[in-house]
Every structure is written in C-alpha cells, then in structure tokens.
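Two complexes come next, and they have one chain in common, subunit A, joined by subunit B in the first and subunit C in the second.
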Partner chain A sequence: MAAINVSLRRKVRQNLTAHGFLIGAVLCFGYFSWYPMVREIVMSFQRTRRGRTTWVGLDNLDHILQDPAFWQAWRNTLLFTVLALLFGFAVPFLVAILLNELRHARSYLRILVYLPVMMPPVASVLLFKYFYDPGHGLFNHLLAALHLPTSAWLNSPDTAMVSVVIAATWMNMGGATLIYLAALQGIPGELYEAAELDGAGLLRRIWYVTVPQTRLILSLLLLLQIVATMQVFVEPYLLTGGNGPQGSTLTVVHLIYQYAFNFNNYGSASALGLVMLLLLAGFSGLYVRLSRNAD
Partner chain B sequence: MARTLISQTQLDRRSGKIAYWTVLTLVVAVFTLVFLGPLYWLVTGGLKSTAEVIQNPPTLFPEQLHPDTYATAWSKLRMGRLLFNTLYYAFGALAFQLVLDVAAAYALSKLRPVLGNLILGMMLATLMIPAAVLIVPQYLTVLDLPLLHLNLINTPWAIWLPTVANAFNIFLLKRFFDSIPEDLMAAAAMDGATPLRALWSIVLPMSRPILGVVSIFAVVNVWKDFLWPMLVQPDPANQPLNIGINSLSTGVPQNVIIAALAIASAPTVVVFLVFQRNIMAGLTSGSLKG
Partner chain C sequence: MNTDLFLHRSVALAAAAGLALSVAACSGSASGSGSSKDGAGSSVSATLDPAAKVTISIDCEPPVTKTAERKQWAEDIAAFNRLYPNVTINSKDASPCEEPAPFTAQLKGRTQTDVFYTYFTDLGQVLDEGQAEDITPYVNETTVPALKDIDPSVLATLKADGKLYGLPTSNYRMGLLYNRKLFTRAGLDPDKPPATWDEVRAAARKLAALGNGVNGYGDYSATNQGGWHYTAELYGLGGAMVSEDGKKAAFNTPEGRQVLQNLYDMRWTDNSMGATQGLKWPDLMTRMASDKLGMYVGAPDDITYMVQTLKGNYADYGMGPMPGGKSALLGGNDYMFKKGSSPDQIKAGIAWINFKYLTLGKGQFDYARTKADNLPVGLPQPFFFTGASLAGDNRAKAASATVPVQNYAPYLATSVPGRTEPANAQQIYKVLDNPVSAVLTDRNANVSKLLSDAETQVNQVLASLQ
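Moving on to the complex of A and B:
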C-alpha cells in the first residue's frame, strides 16, 4: 500500500514538474495562437459599432463578397502567386542545377545567392524602388544603354505587379536555391551514369533523373511557397503603398489590413481572413502530410 | 567528388573544359553583378552627393566622397535609436524562445507529462494556420490581454512573447532531444539529478548545434519582420529599423536614405558572413523536414 502511494506521489510530482516546464510556452500559444484563432472565427460573425458587439451571421461575408476590392485583391494575389512561382520556383531550381555542376567558387556563389535573404526588407525594397524610378532609375538606364524599350515599372498598372514580383524574387530566392542544392547533392551519381549509357542527353537526364529524384522536395517547397506568396504584404506595401496604380498591387492581406486598420471593420477583416485560412489550410495540411512521409 | 549531371570524362575533354570555364566565368560575373551589385550601389550611393545620386546617367564611382552623409543619416534618421530597438527586440525574443521553447520541448521529449501529445499536436496544428490571417485577432489580444487586461502596445512584450509560440522551433528542438539516449537520462536520475539539472548538464551541452540554428533564425526573424512591429509599435521612439526608416524617410534626401539602408543592412550581412556555415547547415537540415 505504502509502495503504491509513493509511486503515485512520484508520478504526480513528475507531472507537475513537466507541466511547469511547459507552462510558459503553452501560455504564449494560448494567448497568441489558439485564442486568436477562436476569436477570428467568432469575430467574422460579429459587428462592433461604438463599442457594442452584435451577431450579424453571414453579413460580413456578404459585405466582402460585394466589395469590388475583394475580387481585385484575389485577382492580384493569384497573379502574384503565379508569377512568383514562375520566377521563384523555376529560377532557384535552375540556379541550383547550375551551381551543382560547378566545381569552383561554390561557397562564394552560395553566399551571394543567400545574401539578400539576410537584408532587412526595407533595405531591399527601397533599393529596388530607386532602381525602378522611371526617370533616373538604374533599370531604365541599363535598358536604354542596351537600346531596349524602357518601362514605367511601378507606375503603370500593367507592369506594377511584375515589378513587385521581380523584387520579391531577388529578395527571397536564396532559401529555396540552397534547399534544392542540398537535395541535388543527395542524388546518387550512378543514376546519371546509367542514363548516360542509355544515351540520354543533358535535358533528358534532368527530366528523367534530376526531377524525379527531387520530386518530394520540389512538391514540398511548391506548397510552402504557395502558402507564403499568397500572404504577400511587405513588398507591395513598401514598393507601391499597397494599392499601386489603379489598385493593381492590392493583395488580400493588404485588404485585411485596410478593413481592420483603415476602416475599423474587424468583422469584415476576420471574414476575409477566414476565407483565406480555409483556402490555405488545405495546402498547409498537404504540406504537413507530405513532410511526415518524407521522414 | 561524386558524379553529377555532367560526367568527369566529359569535363576532361578539351571542348568540355572550354565550355566549363566559360560557364563558370559567366555565372560568377552575373551572380556578382546581380547579388553584390545592388549592395555596392547601396554602399557607394551613401557616399555620393544629393545631386549625384539622382544624376542621369548614374555614376559607377562617387565623383567626390561624402562620408558625412553617413553621419547625417545616423543623426537625422536616428539610426542609433532604431538599431538599439531592433537589437533589444531581437535578443529579447531570442532569450524568451531559448528559455521557454527549450523547456517545453524538453518536457515533451523527456518528461512526457499527461496530455503531452495533445499539447504537442495543438502546437503543431498552428503550423497550418497562415500567419497573416491571424494578424487582426492577435492585434486585439495584444491591445487588451484576456484575463490580465494589460495593453502591450508600445512595449517590447508585444514582440517578444508572440515569438515564443513557434511550433517549428519546438518541433526541431523536440526531435533533437528525442535523439538523446534514454539511458543517459536514466543514469542521471539514478545519480539523483533533478529534471532541471539533467536539462542543464546533459541535454543542453549535447544540443549546441540545434540551439545555434534556432538562435540564428530567432534573431533574423525579428530583424526582418515588418507588419507586426508596424502595428504594435506605433510610437516612433520604439520602432525597429524596418519601420523607423520607412516612416522617417519622407522628405529626406535620397543619398541620406541610401546611407541609412546601408547601415541597416550591415549587421545582418556581417552576422551572415561570420556564421554562414551554421546558417546554411541549419537551413538545409532544419527547414527541409518541417
């Protein structure tokens, strides 16, 4: 009897210690992740006016769906995502393949590619803002020197988003490149050997060996990049003030920001956030599942 | 060197050698231009006069050196204050993450409390929530902390505490702690070591690499964050670099802002150059298996 009592007491004490170690992190998660999550859902069905909160059902959803900015923001965000994937997905992969073939200056090149990732975004973004200046900016000067047509860059609704994507790619491509590079280094050389013996040229070797061998990491990063690029805010906010010419760079997260902090409409901001959450949670779930299989 | 896409025999041929060295030269030149060029422009732009920096065509070298632009930027944009704030936020966040996330991961990995797996699951579930989506309810929480009714706006807590809720850190740390043999822990317990003592004397010394990775990313994340500090630090005296430079930059000559940007970039770029090995290793081992 006494022995059971002692082991029970020890168990309780052990658990108390363990929970003591956990409590700080749990409180932070509670305050800054779990509770806000619940609050987001609740707020999306509520409206707050002059300090009074009322339940309004799906009115907030109705309101955002009728807002022309909603559709424009989604169009812009999808355009950004597609362009950012074209550049931000393909460019790092090709760069990684290229770097993997080089036997010299490897660490120098890797450091170069990752350098922009370490810069504060305000520095990279303002840097590009000066380069984009249609009057005395470096880009138009270079284009003119090469006898190519110059561009209005951020000042025209047709080119504003592309300009934002170019800057964002420069800022962020380092991470993906290094991860691809690590993946490429894990490919067994015999596979290339065998493909070569079968008469596969350079492009065929990339297509039939490199791509299948890195498929899992490619798909993981693709999902991760979709989730990240759909949440773009800083680049358009700093480059064009967020809206851009004729609303051409207004993104969904910026619209959430505007609803909440410019119009004090927390209900609509939450409803829009929830729409985005539902859309992106699918991608995130897929990522978590895939990466578990990768282990 | 393991074989890659192109075989050694192919490279050893005369044509292969010529092609290789041409490609290498091109890649080194283009990469230096694309990634180092803008930084060069930043550093030299801060040395130019106001007129020269907006002159067309742009000059490659400053005609006359104006190092005093850096001094002007330092005082006019209050760079000392902004740098101090950023450091304060970054290292405070680092301290909180190291203490609280390590403790949580240790508890989940080695002490295994009741409901531990449920708590871990709920933490990992937050990885599926896109961060930008929660910005509004998080802001309202910081404005009036539930139960305690504290307003954290304009205090460093608003930046420090949310960084602790980082499921990725806890996951990385827990996986590393899992790999520390149970025998070792049992032996320590036999010797009468308390859980805290075991953490301090056995787990932490063995976990240096992962602690390094977590630390670097903790600091860099705060250094690079924008939207959150913009919301929770409205007082210019408390703002970090990213926000401060942007809000103070209107009406300031371009060469002065460029000098300020060069100053703002220097710390993380230098840290990167010093710790690049650890950062690259952490990046490829850590973020791959999220």
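Moving on to the complex of A and C:
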C-alpha cells in the first residue's frame, strides 16, 4: 500500500511538473501568438481617430482594394513566388542531386553549399548590393569582361525583382539543399543499382528513380516554400528599401508594414493581413491534406 | 514527418502572416510613472510650485556611447534640481530618440514616457491615438520666457485646432549641402554655391567631369525619402504639395514637373548623378563623406553625421540656401506630454524643457561647455529663434565656434521662409517615391504621365483620410 502511494505521489508530482510546463507554454503561445491574431481580426474592422476607436465594417478592406499599391504588391509577390520557385526550388534540388551523385569530397562540398546560410542576412544583402552596383559592381565588371551587355540590376523596374530573387536564392540555398539531400538519401540504393544494371544513365536514373521516389516530399516542400515566399519581406526591404524602382519590389508584407508603421493605419494593415492569412490558410489546408497522404 | 507536426507547422506559418502587424496588440496597458496627483499648485495658470513633489519620465537621454552629451544631460538635471528640488526626472536613454515602428507601437500600447520625444510630423498620429495633452494653458512668457521669439512657423507645426501640444527642442531648414573640396577641384567657387536649379545642373556637370566615380548631384528615391526630397525641391520652386484645405494634391503644376525634369536631365542628359539609384538615408552622406558626391539637398545636422559618424572633416562641407529660394522645407523635433499627465507633471516637464532647450546660455545653448566637451559649435541649428533671442544666440555661437561658420554663410545670409511638411506626409511621400525613382531609373520616363498618375493616387489617399 505504501509503495502504491509513493508511486502515485511520484506520478502526480511528475504530471504536475509536466502540466506546469504545459500551462506556461500554452499561456505564452496564447498571449504572444493567438491573442495578436484575434486582435488583428478585430482591428481589421476598426478605425482609430483622435483617440476614439470605431467599428467601420468593411471600410478598411475597401480602402486597401482602392489602393493602387494593393494590386501592385500582389503582382510583385506572385512574381517573387514564381521566380523563387523557379530558382529557389529547382537550383537547390539540382545541387542536392549532384551532391548525392558525388563519390568524393561530398562532405566538403556540403559545407561549402551550406556556408551562405550561416552569414547574417544583412551581411549577405550588403554583399549583393556591392555586387549589383551598376556603376562599379562585380557582376557588371564580369559581364563587361566577357563582352556581354551589363545590367542595371536593382536600379531598373525590369530587373529589380529578378535580382532580389537571385540574392534570396543564394542566401537560402544551403538549407533547402540539405533537406533535399536528406530526402534523396532515403531512397534505397538497390533501386539505383537495378537501374544502372538496366543501363540507365544519370538523367534516366534521376527521372525514373529520384523524381518518383521524392515526389511527395517535393510537393510538400513546394507548398511550404509557397507559404514562406509569399511572406517575403527581408530581402526586398534590405536590397531596395521595400519599394524598388517604381514600386517593382513592393511586396504584400511590406505593404502591411507600411500601413501599420509608416501610416499608422492599423485597420488597413490588419485587413490586408487578414486577406493574406486566409490565402495562406488555404495553402496550409492543402499542405495538411498532402501530409496526411504522406503518412 | 507525422501529421501533427505538419499541422503545427502549417498553423505556425499561417499565424506568421498576421504577426507582423499584430505586434502592437501585445503591448500592455497604460503605464505611468509614479507621479503626484493634482495637489498644491495644480492650477493650470500658475508656474510649477517648488513645493510640489513631482515625478516625470522623459525619453531621449543620450546613450552611454555619447559620453559628452550624456555627461551634459546629468549636469543639467543636477542644475535643474537645484531650482526644483522636488522634481524627480526619470530619464530613458535612446539612440535614435525615435524610431517610427517602435514609436507607433508605444503609442498604441500607451507606453511612452510622460514627456516624450516626437518629430514635428508626428502630431497627427499622436492626436489620432489620443495620446497628447493640450498644453496651451501652461505655456506663457512666464513659464517659457523666450516664447515670443520662437518662430511662429515652428510653433504652428505643434498646434492643431488652435491648441498647442508640444515645445520644440531643435529644428532645421533644408538647403544645399556641398563638398567644398570637390568644388575646388572642379574649378567651382566653394564660397558661392549654386542658388538656382540651372546653376545646380551646371555645377553638377563640372563635378561629374572629375571622374573616378564622382557624382555631381545625388538624391534619395526610396523608403518615402524620394517623396520627401521632391517636396523640399518643389517648395524651393514655390510649389505646394496639397491644396490649402489639404483635400487635393497640388503638385501637378509647372513647378512640380520642373522638379522631375531637373532630376531626369541630370541623370540621363548630363549623366551627372551616376547609375546607382534607389538611394535612402544615409547613402548620400556616405557618398559625400567619401568625396564621391558634390551636392545634395539636406539639413545642417547631416554635416554632424558626416563628421562624427563617417569621419569626415568640417572644413570640407558647406551649405547654401535651397535652390530656387522661394521657401525651404522645415522639420525638427519636440517634446509632447502624455495624455493623463497631472498638471504638476506638465508644469515640471515644461520647466525642464525650458531649462534644457529654450534658455539662452543654458542647456543646449551653453556653447562654452559644448566647446569644452569637444562637441561642434557653430552649425546653423537649432534655428527656431527670431528677434533678440536669435541675435543673442548668434553672438554666443560665434564666440565659441569650433566649426568653420563661414562655410554656412551663404545659407545664413539668404533668408528663405520655412514651410512645413504636408499633413499625412508619409503617405504622400510614398506615392511620390515612384515618379522620383522612375525618372532616375528609366530613360523613357514620361514626366507628365508620372506626375498625373501620382496626383490621382494622392487624391485617392487624401479622400480616404477625410
């Protein structure tokens, strides 16, 4: 009997500690994550003037829809997302395949690929600003040396977003490559051996073994990347001040930031945040559905 | 990966979308320093009762890295406390004194100090949040003896509906900053800076001809600063940004087009502005301090930044009046008083501001001390006094000058009336960034269409604010 009591007391004590931690986590999460979200939803239907907060219905939504910057920001964000997927999804995948195929020096190359991730984003951005300088930048010097036409890079509305994507891809490639590499290494070696015995070259092995075996994880990562890239802020903000030439790099999150912190218009900022939240929630739903299939 | 993990991640990612704008919602409830409630001497018409025990919190104390300024702050508080021993000042250091995003969040959360630092352009925002006390009944020639000599256009920036909400501590009037060393090298007279845009353009061509990456003229075109400088240059030509009633854009005029055309011509016809555009603060200062830029529109405190932070030399920089000379954009900073402050707190705050920032020979105007502390004396700033106070200030400044004041003679000799920024300036500036960046980055830019589009957008912005 005494032994049971001791065991029960111990269990209670253990559970109390666990619940203590749990309550702390739930409180923190609730206060810092969920409460702001609820406040955001409330504020998207409110306006504050001269210290008085009033309910304005859908006026804030109407205001952001009237703002020419709204559609421009969405166009830019979608362009960034498409370009980031073209560069940021394909390039790390190809690099991962190459690393996976290598027999020698794989570890060193893996470190080299991952190195840019360790550099603080601000330092990377400064580096690229020097590279992109149309007057004296490294890229234009290289192009000129190769007798190729130079570019205005961040200084032209036509090339600013592509330049941002290239920099962002370089900055984030290491992490994505490692994830793809882990997925590739999960493919049983026998499949490649069988393909090799059947006379399949590198491209055929990739097409008939690698791609089918990683299709699901690739589609999940693709969705994750869409959700992440649609929230892009840091790279355009640091490289072009947020707007870029003629607003060519203005993104939705930057517009939210402008409404809130430049214009003190929390209602419009919240309304735009809500629009984005709903859109990304749709993508997240798709993600959850796919992940169920993965299980 | 299991489903739960996916779910958690997706929820977290979705949550992140709204997080950026929801931060302010985390802020706590209103906080106040320990302060006396209305007690002895709380009548608004009276000056601060020396017997009243008051505690006020004030921001913008110089940070520990600014050793001399910090020491002066402590000395001034000690001296103030000899006059008002019952006032306790709780200082909060900051550098910079105000950053827009945290300031906005502070207002939203009512966590600013009792006496808080703002820019002239913040009044509308502070009033929208209901966060400033009307100090009109407390400010008179007894509490602020130099009041009659403060430039009315400066005080006007701190008024709304006839009520006064703040007291100025510093201000500037924009002009043309130039690199005297490059002027000499280009064969230009460093004592005669250009006064018109035609002269600016001609000088810029000569400066750019120096080569080696030197640009004749530079301008901002990002982070709303393109619109800010557009406004300054438009004012110089006599134009206006918005109509008298503030309801319509007023910049689509010959003057407005001239501002963009000047920039276009210097960038593409003369090639005197260089290929790197999209500049934002402090890019122009960095370029001038490294002798790669000849001229730009700026304020006198840019010189301090170029010398103290970028290690330039005072002797290398000069300042002339705003090209065009019709009027010059003015700006600056001030202190306001938190809503809910007691009368004694407001009186104590005004007494401190008067002591530290508005009394000749004291606080920021103690030039002998400033000189002894190796800080610059002689820059044409602050610039809010007129009449006898201005004359007295100029005499005191000249007696302790540590910088070459003759370099700013062209700026001081030409009287250009000050003009404040338009209401809701940042939203208008954001729109104007586009045409400015367009003429600097697009050889095929159509000035008239750019300005016409900007006018439509600004009218939309103004309509939404009615």
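The criterion applied here is as follows: the second predicted complex is superposed on the first by the 258 of 295 C-alpha atoms of A that agree within 3 Å, B and C clash if a C-alpha of one lies under 4 Å from a C-alpha of the other, contacts with A are read in each partner's own complex, and residues count from 1 in each chain.
Operating definition for what follows: contacts are C-beta pairs under 8 Å (C-beta built on N, C-alpha and C of every residue); 3 or more make two chains touch, one makes a residue touch a chain.
None of these values were measured; they are calculated from a predicted model.
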| item | value |
| --- | --- |
| Which superposed partner A:Ser270 touches (first subunit B, second subunit C, both, neither) | both |
| Subunit B versus subunit C as contact partner of A:Ile256, first or second or both or neither | both |
| Partner chain in contact with A:Ala281 - subunit B first, subunit C second, else both or neither | both |
| Partner chain(s) touched by A:Val26 [first = subunit B, second = subunit C, both, neither] | first |
| Residue contacts on subunit A - larger count, subunit B or subunit C | B |
| Partner chain(s) touched by A:Met43 [first = subunit B, second = subunit C, both, neither] | both |
| First (subunit B), second (subunit C), both or neither touched by A:Tyr208 | neither |
| Touched partner set for A:Thr240, first subunit B, second subunit C, both or neither | second |
| Shared contact residues on subunit A - subunit B and subunit C | 31-37, 39-40, 43, 135-136, 220, 224, 227, 231, 233, 253, 256-257, 260-261, 266, 269-270, 273-274, 276-277, 280-281, 284-285, 287-288, 291, 294-295 |
| Subunit B-touching residues of subunit A, taken from the complex the two chains share | 14-15, 17-19, 21-22, 24-26, 28-29, 31-37, 39-40, 43, 97-105, 107-116, 118-124, 126-127, 130-131, 135-136, 138, 141, 145, 170, 175, 178-179, 181-185, 187-190, 192-193, 196, 202, 205-206, 209-210, 217, 220, 224, 227, 230-231, 233-234, 237-238, 253, 256-257, 260-261, 266, 269-270, 273-274, 276-277, 280-281, 284-285, 287-288, 291, 294-295 |
| Contacting residues of subunit A [partner subunit C, same complex] | 31-37, 39-40, 43, 48-52, 63, 66-69, 133-136, 152, 154-157, 220, 224, 227-228, 231, 233, 240-247, 253, 256-264, 266, 269-270, 272-274, 276-277, 280-281, 284-285, 287-288, 291-292, 294-295 |
| Complex contacts: residues of subunit C adjacent to subunit A | 1-3, 6-7, 9-26, 100-101, 104, 107-108, 125, 127-131, 213, 221-224, 274-278, 280, 339, 424, 426-427, 430, 433-434, 437-438, 440-442, 457, 460-461, 464 |
| Of all residues in subunit B, those that touch subunit A in their complex | 1-7, 20, 23-24, 27-28, 31-32, 34-36, 38-39, 41-42, 45, 54-58, 99-101, 103-104, 106-108, 111-114, 116, 119, 122-124, 126-141, 145-146, 161-162, 164-165, 167, 170, 195, 220, 223-224, 226-227, 231, 241-243, 245-246, 249, 254, 257-258, 261-262, 264-265, 268-269, 271-273, 276, 279-280, 283-284, 287-290 |
